[in-house]
Structures are given as structure tokens and as C-alpha cells.
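Structures for review follow.
There are two complexes below, and they share subunit A, which is joined by subunit B in the first and by subunit C in the second.
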Partner chain A sequence: MTFDLFVLPFFIGLLFLLGVLVVKYSRWIAMMDASDRVKAGMALFSFNLLKTVNEIFLESLLHRRMFKRNPLLGYMHMSFALGWFLLIVMGNIESRVYSGGHINPPYYPIFLKFFIHDKRVLPFEIFTLPGFFRFTMDLILLFVLSGLVLAVIKRTRSKWFGLKRTTVHNSFDRWAITSLWLIFPMRLLAESFTAGIYKGGGFLTNTLGSIFDAILPLEYMAYPAWWAYSTMLGIFFVTLPWSRFMHIPTEIILIFLRNAGIDQGKYPGSFSEIEIRSCPRCGVCIDVCQMNQAGLTGSTAVYFIRSLREKLPEVQLNSNCMMCGRCLEVCPVGIDTLGLRIGARGVDNKGFASDFTYLVNQPIVEKKAEVVYFAGCMGHLTPGVKRAMLQIFEKAKIDFTFLDEDGSVCCGRPLKLAGMKEASLTLISENSAKIKNTEAKILVTSCPICYKVFNDDYQLDGIQVMHHSVFIYNLVKDGKLVLRQTDLKAVYHDPCELGRGSGIYEQPRNVLKQIAEVADVSEERVNSLCCGGSIGDLNMDAVKRNLIRDKALTILCESQPDILVTACPLCKKTFDSGNATVVKDIAEVVAENLALNKLHKQTVDMVKL
Partner chain B sequence: MEKKAKYFGYSITRDRQIDYDANNHDICKIIAKAEPTLNLCISCGTCAATCTAGQFTDFSLRQVILLLRRGETKSLENEVSKCMLCGKCQLVCPRNVSTRNLVIQIGKALYDKKLSAETVNTK
Partner chain C sequence: MGKHVVVIGAGPAGLETSASLAKLGFHVTLVEKEDVSGGHLKKWHALFPTLLSGKDALETITKGLDSSIKIQTATKVTGLEAVNDYFTISGHNGWQEKADAVVLTTGFQLFDSHRKEEYGYGIYENVITSADLEELFASGKAFVNRHGNKPERVGFVHCVGSRDEKVNNLHCSKVCCITAVKQAIEVKQLLPDAEVFCFYMDLRMFGRHYEELYKEAQEKYNIQFIRGRLSESTEDRDGNIVVKVEDTLLGKPLRIKVGLLVLMAGMEPAPDTKPLANMLGLKNVSDGFIQPLDEVLHTNSTEIPGVFVAGTCSGPKSVSDTLADARSAALAVADYLKS
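== the complex of A and B ==
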């Protein structure tokens, strides 16, 4: 016997799912740029594919990044993904062995225990170990069920899983998750009932089967249980393409495309569509998002991506994000949430036409020098930083030219963050020409926002871009600046664009350590908080911004430092208005604590002793 | 030159009347709905004083808001397109107006108005 009516819900569901996936995938391929299609095609036949397969195994099955976040959370996801995968693989091998190597219809391995009651000697020698499959399949099922138990516990005790808040799902997702949750208990019941009748089954199903057999009329219950199992599978497969579980087939594609060197490109495009569907709505991004403190939980990455997927993009939701990148750092799928946000904003702000024709024929700084300094708009708003940098240049005898002494042209990053890419390119080319004209080798900027865009989007023909904290660090390392140790107690705040955005964490800390005692902060480096003043957000009003700022200040000042040091004029300005402690830029601290030379430093140190 | 010499470099400003009834007040309402902090503005001009674009042109957010409130939106059509969205005005604003969003909303509202005018014309 290889067919029974009860397999139909599963079989129809599976065919439906495959049909939908084929349609979706072909639409994505059709939407792709020709060059991206070539890249993807090449990647199919290169060694890169091994890397992709490895990553798919590590992330989609083992859930390595989830494990890093929280072991219990990782185990829960792994038991579902890896467990189900193993059930399918082992089930297939088992069914092949029983059928003597023939190819079976797809439902056959899934419902094997219904068709075959293991009492025979198997045809292949290696598998004649008594009860090898019965034991293994039961063990894997137990593994999946353990994850299910955790998933149920997570509903009420999410804190054990490292999640303070979890995603609030819509009704469609609830349908999908209910059927998913019921699949495995139903399988257990169906297999146990059958095992109870035929006295087959492994350690789990056999034991349960005998218990059930003693108290229940199993011959009437086994068949309905198989129907229920098949129906749950069917419901899950039919709901999958429109639920969050679409991430299962899509994440694999995303990993492949990413490894093929394809990036987001134009929005909306096939890559962004795939990214949007790769979001499992696990909710890891909710806790880290500081919009919670402003009462804007609705605009966290998970809900934002869901609104894109449901084609209900709200302008407020798109623009209410500080683009600090904390969600990017924790996302287990590695979705470029910021890129999606910029893309969505681009669509929102389509009507905004920029016109910078007035910038043509503006006077250019003629002075040539080794180093060109760009204070940036925010640098000009904090004259203390600008003055400190000039003092440092003078002290270290740097041959420099001040590019925006008479006011800067914006670097283009704010426009880019608002989704106005074309407009930002005008400013970028304008500034590039000015910078190149100075014939400098190093471009120093005081503003991490400018620094990020100089690095990412400017073509500067080999001019090295440096944030002033790195520049100062190099000067100190080369002995061109000598710093004076004070007995100040300081904390350092990582600006988003400098830390997470550009990966600069250590240089400013090292400089600061030579001046003050630097205390640790509970949220620092990649976990650093946004100051709340970010120009990434287009919508939030000052009251909400202040809530975010105050919370960040509370965490930063836990150790009650004498001074809060940062490396971003915007962070400085924002924190300064919070009145929690003295806030200074790293350049200012350095300028205030310059020793005349090494001898002077030694003398001062000795006097202190 | 002669004229200048005659008036010692000064000129007489022509009398100008603002016809409130003929002006378009709807746009200001649309924008105020999209960015309510517009209503906080006291036209102090700090934004215009710090403006990056203002160093190169006569762009002034203060003037834009004044004209907007009067409903004289005709001359504003391409005005906010000069803004670089750098955000200095937002930081200096004593009334905490969300100036960046305001500028975007003004640009979009005027663009929409232009669009609707165009569709009316083509009809």
C-alpha cells in the first residue's frame, strides 16, 4: 500500500506551495538587473557556492547568530530547522531502504509509519542494526518537540530567551504558527497510535503507544490522527508564502545572492523584495531599538519591514528611524534594514526636487597642503571642536588647509539618508572637486556623518579619509603630540556613524586613555546607544528625541564620570543639552591637555609625585 | 549710478499690499498637518542665520515660512529645493521646529500642487 486519501491535504498543500514559490522566484529573476543576473549565474558555478552552502547550513539550519544572541533562543530555532531538516533527510533514506531503493512519491517518507510497520529484515546490510531507523527518527522527533516546548514557554517567559519584547503578530502569522506548532505533536500522536496498534516504533512512539493502547481505543483513533497530521502540514504550506515563514525558502536565496556580490541596488528591486521576505519577524531588533523609549515601537525594523511587505508603507513609519544601525548589528538574517529604509524614503520623498545650481562658480580654496581639514556643518555648529582642531594642527606643525573655513557645502549624507540619492550626488561631486583641488594626501573631518559618506560614496583618487580622532591618534603615536595625564574620570560614547557605521572604536579610546581614566559603559562599541539627535530621523519631534537622549545619558553616566567624551559634534551638542555631565569632543579634551613636550610632561608627572 | 547718487545709495520701497483673500492658505494647512511643529515657529530667523544654503543664496527658511503663512506660495515653488537638509537649523531652532521634515513637506506639498495644476491644465 503506497497511497491513502489522508495524504491529500499535505500533498495538495505542497504542490500549491511549490507552485507559488516558482511564480515568486521567476518574478524576482525577471525583476533583476541584467548584470546581477550574470553575477548570480556565475556564482552558481564557482567555489563561492561552497561558501554559500556552508553559510546556509550555519545560519538557516544551525542558527549560529541566534545562538550568539541567546543560547536558548538559538537552540529553539535550531531544533525546529535542523530537526525538521533531519526528519526529512532520514525519512527519505528510511523510505528508500524499505522500498528497496525505488523513488517514492513525496508524501511516502512523511507518512512512512502509516504504510510500513517495521517488523521486517531490511534489504541492506548496514541498516540491519535492529531498530536503527526507529530509534533515530524518534530521537529527531524528540529534538523537534523539545524546541516546541521552548517555543510555548517563550510565549510567556520571553525574558529567558533574551527578549524583553516580542513581535506582535497579525492573524495570518498566527494561523501559520498554530499549524506549525501542531504538526509535530500530531506526528507524535499518529505515530504513537500506530505503534501502539502494531507494536512497532522506537523508544518514544512505542512507549507512548503502549500507554495509549491500555487506555484508548487506538484502532479508531490512529486514522484520524494521520488525517490531522496531514491537514496541519497542508495548512502550514498554504499559509507559508504570505506569512513570516516565507523566510525559510527566501533566506537561502538571500544568502546566495549576497555571496554572489549582489547588493540592494535600486529600490524597489528584486534584492529588496527578497530581503523583505527574508525577515522572520523574530523580534530581536525590537529590544535594541531606541525608538521604544520615544514610544515609537511601531517603527522598529520588524514592523517597518512588515509594512513594506504588506504594501502598506506609512511615511511616518519610514521616516521615524535614527539610522543608528543597532538593529543591523543584531539581525540574525543580516537584512540591510537601513538600506531598505533609505529606499522607502526615496519613494516617499520623490516629489522633493533639489536644485543646487547656485553652487556652480563658488570660490574654491586655493591653498594647497598635505592635509585638508573639513569641519562639516555640525563642526561649524560646535566652534569649540573647530578651534581645538586648529590648535592641534598648529601644535603638531601640520601643513594644512581649511576647506570650509567660510562655511561648508553639506557632505550629502543627510540627503542620502532622506532617500534623495540624486541630489546627494550633486553635493558629492561638488565637494569632491574642492577636495581634490587642494592636492592633499589626507582629508581630516570632525564629523562622523561626513566621514562615513566620504568613505562610502566619494571617489577621492587615493586621498586618505580620516576622522579627527584617528588623525589625533596617529599624531600621538608618532610623538608629534604629547598628552598630559589628568585625574579625570571619563566615559567615551561611540557615535553611531563612527562606530557601527565605520568601525572606529579603539583609536579615540586610546587617545582618551592617555589623558583620563576611561570607565566602561554597559552599552558600548557595537552596542553603543544613539544620542537621539541623529539627522537620520526625519520626523521625530524634540520631546521624543529628548526621551531617547536622557535614557542614553543615564546609561552613559552610570559610573558618574567627570566628563563624557565623544567624537561627534552632533552627539556633543545633543548630550550637552541634557545637562547630565560635562560633555566634550575628543579634540577639545586633547587640545586642553597638550603637554609642551616630553620633558615638560615628565616634569609635570614628577611634580605630581 | 546717477540714481544712486541722487538718493545717497538709498531707494524707496514700493508700497505692497497683501491680498489675503487671493492667496492660497490651503497649502500651509496641509503642511502644518504633516509637520505640526510649523505652528511653533516665531519667525526669529535663527534658522536662516545658520543656514548652509543661505551662505550661497538668499534662501531663508524664515522667509519661506512667512510667505507660506501668508499664503503667497507662488514665489515658493522652487525655493526649498535649495535646501541641503544638513540639519543645522533644526539644532539651533529655539522653538524646536522639526525644520528638516518641514522643508521636505513644503517641497512635497508644492510639488503636489504643481502636479494637480498641471493635470487641471491638460484637462
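== the complex of A and C ==
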């Protein structure tokens, strides 16, 4: 017997799912840029493919990144993904062995225990252990069920998983997750009932079967159980393409494309569509999102991406984000949440016309120098920072020219964050020309926002871009600046654009350590908090921003430091308004603690000895 | 009657409340943390809208004090407690009193203009506050900026620390608009050739003769009022202040160079108010100003019987409003103690 009516819900569901996937994949391929299609085609036949397969194994099955972040959550996802995968693989091998190597219909291995319930010792098992398959298949099923138990606990007692909030589901998700959760208990029941009737099965199904057999009329219950199992599979497959579980077949494609060197490019495009569907809505981005503190829980990455997928993007949802990148850091799939947000904002702001007439009469800086300094808008709003940098240049005898002494032209980053790429290019070309005109070798900026865009989007013909914290670090390292150790106890705050955005964590800390004792902060470096003043969100009002700021200040000031030091004029300004402690930029702290000269420092050191 | 009232804070509100209470026959103790009474008025050169000298005003107010009033200066109140139907009040120096009623007249503190760093106070020498300017007027010295030059242009920035969510102050400080008009006129009187600019977002000329003064400032003194909030100021090589501001009536960004920039610093709750309110158990002090029992009907009473407020500790007020409020508080106290 190789067929029974009950396999139909599963079989039809599977065919339906495959049909939908073929349509979706074809559409994505059709939407792709020609150049991306060539890249993808080449990647199929290159060494890269091995890398992709390896990454799919590590991330899609083992859930390595998830494990690193939260072991319990990692195990839960792994037991489902790897467990199910093994059930399919082992089931196929087992069915092939039973049928003597014939190719079987796809439902056959899934429902093997319905069709075959003898206790023959299979040819393969002669060399290993009798009952190898029965034992292994039961073990894998138990593995999956252990994950299921965790999943149920996670839904009801998320705190045990270290999660404050979990994703709120929509109706497709509810159908899909309910059927998914029921698939494996149904399989357990169906296999156990059948094992009970025929005295077969492995350690799990056999034991349960014997117990059930003693108390239940299994001959009436086994067949409905197989129907239920098949139906659950069918429902899951039919709902999958519109549920969070679409991430299963899509993440694989995303990993492949990423390894082929393809990125978001045009928005919306096939890459962004694939990214959007790769979001498993696991919800790890929810707790890290600081918008929660402002009561804005609806625009978290997971919900934002879902709204894009459901084609219900709301302007409010797209814009309510500080673009701090904390979600990007924790996303187990590595979805470029910020890139998607910029793309969606681009669509929202399409009709907005920027007025650039003021660029016509911009003063030209004639002075040429080795170093060109750009304070940036934020630098001008914090004259203390600007003054400190000028003192430092003077002290270190730097030949410099001040590009925006008489007012800045914006670097373009705020427009870029608002999705207005074309408009930002106007500013980028204006500033690029001015910068190149100085014939400088190094461009120093006080603002991490400017720093990020100078690095990422400007073509400066070899001019090295430096944030002032790195420039100062180099001056200290080269002995051009000598710092004075104080008794101050400081904490350092990593600005989003400088830390997560540009990977600069150590230089400002190293400079600060030469002046003050630097205490650890519970949320620092890649986990650093946004100050709340971000230009990434142009909608949020000051009251909400203050809530975010105050929470961040509470965490930063846990060790009751004398001073909170940061390396961003905007962070400084924002934190300063919180009145929690003294707030200064690293440049200000340096300018205030310059030792007279090297000789002086040596004398001081000798006296100390 | 023999009932005892302690008034905390000897600025105009405390002085006037004490004087009125004494006239009503109460035994009054006025506590002041500083060595000398008078509060902010001590340093204020002249009052709008009549240019009445601050010194004269304070003298007149102080003259009203009865000799029976006990003035306890240099005493910071550190303990304040309601016990049954009376209060115990103690100071840092061991001073202690019992009272049948307490009046809080703790006043305001001037907004710390360092907090608007973009305006350059404390960074650029020629950026000063309205209070600094009053001191300069009162000193009688030659009107020069910190570089010793007669400024050719003087700018006044309205709403510094007021109506500004970014510094957590939503309230209007009420007195700065008319003070700026007054100070601009005074500058013009001292330096008739100087150009004077006021950068404002609204002009709130709510008091009698304020509008007239504003009109005079424009017509007689040619003071220029530019609607637009300052974005930032920088210093040029000669120590002049270059301000960036948008003229929102013309819709154009402006850059104006001034020799002296005056920040119209607003009123914030005095730092001592909240601790005192906490000691008493007054709850409604979220913004630092004390909430009276009713903002229309019972402006001097609080949620605690026997605790009264007068002057700017319950919100920004002009000197004349403060004096009226103080007299009204005395009547409220009398009403309470008689019953």
C-alpha cells in the first residue's frame, strides 16, 4: 500500500506551496537588475556557493547568531529547523531503504509509519543496530517536541527567555503557528497509535503506543490521527507564503544573494522584497528598540517590515525610528533594517522639493592646508566643541583650514536618512568640491553624522576622513599632544553613527583613559544606547525624546560618574539637557587637560615615581 | 491674635507678604538663606514699564516692614513638617520655630544660559544675559562690551530657556518680552548711534502700557524687531558675535554681526522649592513650580491647609504681579487663621 486518501491535505498543500514559490521566485528574478542577475548566475557556479551552503547550515538550521544572543531561543529555533530537516532527511533514507531504493512519492516518507509497520531488520541496520531508524526517528521527533515545549513557554512566559515582549501576530501568523505547533504532537500521536496497534515503533512511540493501547480504542483513533497530522501540514503549507514562516524558503535566497555581492540597490526591488520576506518575526529587535521608552511600540523593525510586506506602509511607521541600528545589530537574519527604512522613506518623501538656491553664493575657502576641519551643523550648535578643536589644532601646531567657519553646508546625511538620496547628492557634490579645493590630505570632522556620510558616500580622491576622536588619538600617539591625568571618574558613551555606524569604539576610549578613570557601562559599544536626539527621526516630539534620553542617562550614570564623555555634538547636546551629570565631548575634555609639553609630562611622571 | 506665620524667602514676595501679615496683626518670622534680603530685585537696575529704579522699589517695599517682624537671614530651611495643627521649621544652623501657617515665597532662578550652548554664553565673552546687562546698567560704568568697545550693534534674544521643549521648559516666563523692550530702549539711550535688534518668536505685551512701550521702541528709538528664533551664534576674529537667524516674516536666513548679544534668560523654579514641597508632602510640583489649590479661585492656597504660596514660586510673575500676589496671600493666611 503506497497511497491513502488522508495524504491529500498534505500533498495538495505542498503542491500549492511549491506553485506559489515558483511564481514568487520567478517574479523576483524578473525584477532584478540585469547586472545583479549576472552576479547571481555566476555565484551559482563559483566557490561562493560552498560559502552560501555553509552559511545556510549555520544560520538557517543551527541558528548560530541566535544562539550567541540568547542560547535558549537559539535552541528553540534549532530544534524546529534542524529537527524537522533531519526528520525529512532521515525519513527519506529510511523509506528508500524500506522500498529497496525506489523513488517514492513525496508524502511516502512523511507518513511512512502508516504504510509500513513491520519489524524487519533492514539491510542497513545489520551493520549497525537493529531498530536504528526507529530509534533515530523517535529521537529526532523528541528533539523537535522539546523545542515546541519551549515555544509554548516562550509565548506564555516570555520573561523566562529574557524577553520582555514578543511579537504580536496577525491572523495568517496565528493560523500558521497553530498548525505548525500541532504538526509534531499529531505526528507523535499518529505514530504512537499505529505503533500501539502493531506493537512497532521506537522507544518513544512504542512506549506511548503500549500505554495508549491499554486505555484507548486505538483501532478507531489511529486513522483520524493520521488525517489530523496531514491536515495540519496542509494548513501550514497553504498559510506559509503569507505568514512569518515565508522566511524559511526566503532566507536561503537572501543568504545566496548576499554572498553573490548583491545589495539593496533600487528600492523597492527584488532584494528588498526578499529581505522583507526573510524576516521571521522572531521579535529579538523588540526589546532592544528604545522607541518603546517613548511609547512608540508600533514602529519597531519587525512591525515596520511586516507593514512593508503587507503593502500597508504608513508614513508614521516609516519615520518613527531614530536609525540607531540596535535592531540591525541583533537581527539573526542580518536584515538591513535601516536600508529598508531609508528606502521606504524615499517613497514617502518623493514629492518633497528641496530648495538649494542658497548654495549659489556660498563662500569659497581659499586657504590650502594639510588638514581641513569641518565642524558640521552640530559642531556649530555646540561652540564648546568647536573651540576645543581649534585649541587642539593650535596646540599640536596643525596646519589646518576651517572649511565651514562661516557656516556649514549640510553634509547630506540627514537627507539620506530621510530617504532623499537625490537631494543629498546635491549637497555631497557641493561639499566635495569645497573639500577638494583645500588640497588637504586629511578631513577632520567633529560630527559622527558627517563622518559617516563622508566615509560612505563621498568620493574624495584619497583624502583621509577622520573623526576628531581618531585625529586626537593619533596626535596623542605621535606625542604631539600630551594629556594630564586627573582624578575624574568618567563614562564614555558610544554615539550611534560613530560606534555601530562606523566601528569606532576604542580610540576615544583610549584617549579618555589618559585623562580619567573610565568606568564600564552596562550597555556600551555595539549595544550602546541612542541619546534620543537622533536626526534619524524627524517626527518625534521633544517630550518623547526626553523619555528616551532619560532612560539612557540612567543607565549611563549607574556608576555615578563625575563626567559623561561622548564624541558627538548631538549626543552631548541631548544629554546635557537632561541635567543628570556633567556632559562633555572628548575634544573638550582633551582641550581642558593638555599638559604643557612632553618634557613637563616626563617631569610630572618622574615626580610621581 | 498671637498666631505665628513663617514666610520662607525674603524676595519681593516674602517681604510684601510679611509686611501685610504684620499689618493684619500676626506675629511673622521671615527666613532668608542669603545674608541680605531682596532677592533678584537687589541686582535689578530698573523696572518696566516706568523705568522705576530697582533700588527705590526695594527700599519702598522694605520700608513697609513692621519692627515686630523677625528677619532670620543666612538660614537655609532644612526641615519643614506639619505636626497636628502647627508646623515646625528648622534651619541648617540650628534655628527652629513653630508656626501656625507657612508661606512659601521661594521665588525663581534665572535660566542657566549655558544650557543653550549654541548661543555661546560662557564661551564667547560678548554674549551676556539680561541680568548681566542690568548689573552693567546699575554699575553706572561706561557702556562697553567685554572687549572694551562701544558696540555698534546690540542684539537681544527672546525666550532663552522659555517656551523651549529642548530645555524641558514649556512655560512662558512672562516678563522677558517687555524687559527686552525696556533694555533695548535703555541701550539706545546710552548709545544713540547703535543699531539694536530684538529676535523674537512672539511679543507678549500683555500689561498696561507695555504695547505703548513697544511702539515707542520702534517709532522713537528705531529698534528693529525680527521675528525668528536664533539658531546659533559664532564669534569672529574681532570678538564680534555673528548670529544666524531666520527672518520668518521674510522667509530668509539672516546673518547679523553684533558687538554684544543679550540673552533674555527666563524664569525657572528655584532649586529650593521642590525639596521644601517634598518635605511638606505637596504632590503637584512636576515642573518645579508649586501648583496652587485652584489656578483661578485659590491661587495662594495649596492642597495642604496652612501652607500658602506667593510670588514666582507658583509661576513666572512681574514685580507688580508678585506684590499683589503677596498681599493676596496675606489675606488668605488671615482667613485661614481666623477660622
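The criterion applied here is as follows: the second predicted complex is superposed on the first by the 588 of 609 C-alpha atoms of A that agree within 3 Å, B and C clash if a C-alpha of one lies under 4 Å from a C-alpha of the other, contacts with A are read in each partner's own complex, and residues count from 1 in each chain.
In this text, contacts are C-beta pairs under 8 Å (C-beta built on N, C-alpha and C of every residue); 3 or more make two chains touch, one makes a residue touch a chain.
Predicted, not measured: the structure shown is a model, and the values here were computed from it.
Peer 1: Identify the partner contact of A:418: answer first if only subunit B is touched, second if only subunit C is, both if each is, neither if none is.
Peer 2: first
Peer 1: By the touch definition at the top of the document, which applies to A:573: first (subunit B), second (subunit C), both, or neither?
Peer 2: In the superposed model, A:573 contacts both subunit B and subunit C.
Peer 1: Just subunit B (first), just subunit C (second), both, or neither: which does A:541 touch?
Peer 2: The answer is both, since A:541 touches subunit B and subunit C.
Peer 1: Now for A:356: first (subunit B), second (subunit C), both, or neither, which partner does it touch?
Peer 2: Only subunit B is touched by A:356; subunit C is not.
Peer 1: State whether A:310 touches subunit B only (first), subunit C only (second), both chains, or neither.
Peer 2: neither
Peer 1: Looking at subunit A, does subunit B or subunit C touch a larger number of its residues?
Peer 2: Of subunit B and subunit C, the partner in contact with more residues of subunit A is B.
Peer 1: Contacts for A:387 in the overlay, against subunit B (first) and subunit C (second): which applies, first, second, both or neither?
Peer 2: The answer is second: A:387 touches subunit C but not subunit B.
Peer 1: Should A:427 be classified as contacting the first partner (subunit B), the second (subunit C), both, or neither?
Peer 2: First partner only, subunit B.
Peer 1: Under the stated touch criterion, which partner chain does A:409 make contact with: subunit B (first), subunit C (second), both, or neither?
Peer 2: Once the two structures are laid over each other on A, A:409 reaches subunit B alone.
Peer 1: Which subunit A residues come up in both lists, the one for subunit B and the one for subunit C?
Peer 2: 358, 380-381, 407, 541-543, 573
Peer 1: Within their complex, state which residues of subunit A touch subunit B.
Peer 2: Its residues touching subunit B are 319, 349, 351-356, 358-359, 362, 377-378, 380-381, 406-410, 412, 414-415, 418, 420, 427, 533, 535, 538-543, 570, 573.
Peer 1: Could you pull out which subunit B residues touch subunit A in their complex?
Peer 2: Of all residues in subunit B, those touching subunit A are 37, 50, 52-53, 55-57, 78, 80-88, 90-92, 96, 98, 100-101, 104, 107-108, 111-112, 115.
Peer 1: Taking the complex as given, what residues does subunit C use to touch subunit A?
Peer 2: Per the stated touch rule, the residues are 115, 117-118, 120, 123-124, 165-168, 231-235, 244, 253, 255.
Peer 1: Which stretch or stretches of subunit A touch subunit C in the complex?
Peer 2: Those residues of subunit A that touch subunit C are 358, 380-384, 386-387, 405, 407, 541-543, 546, 573, 576-577.
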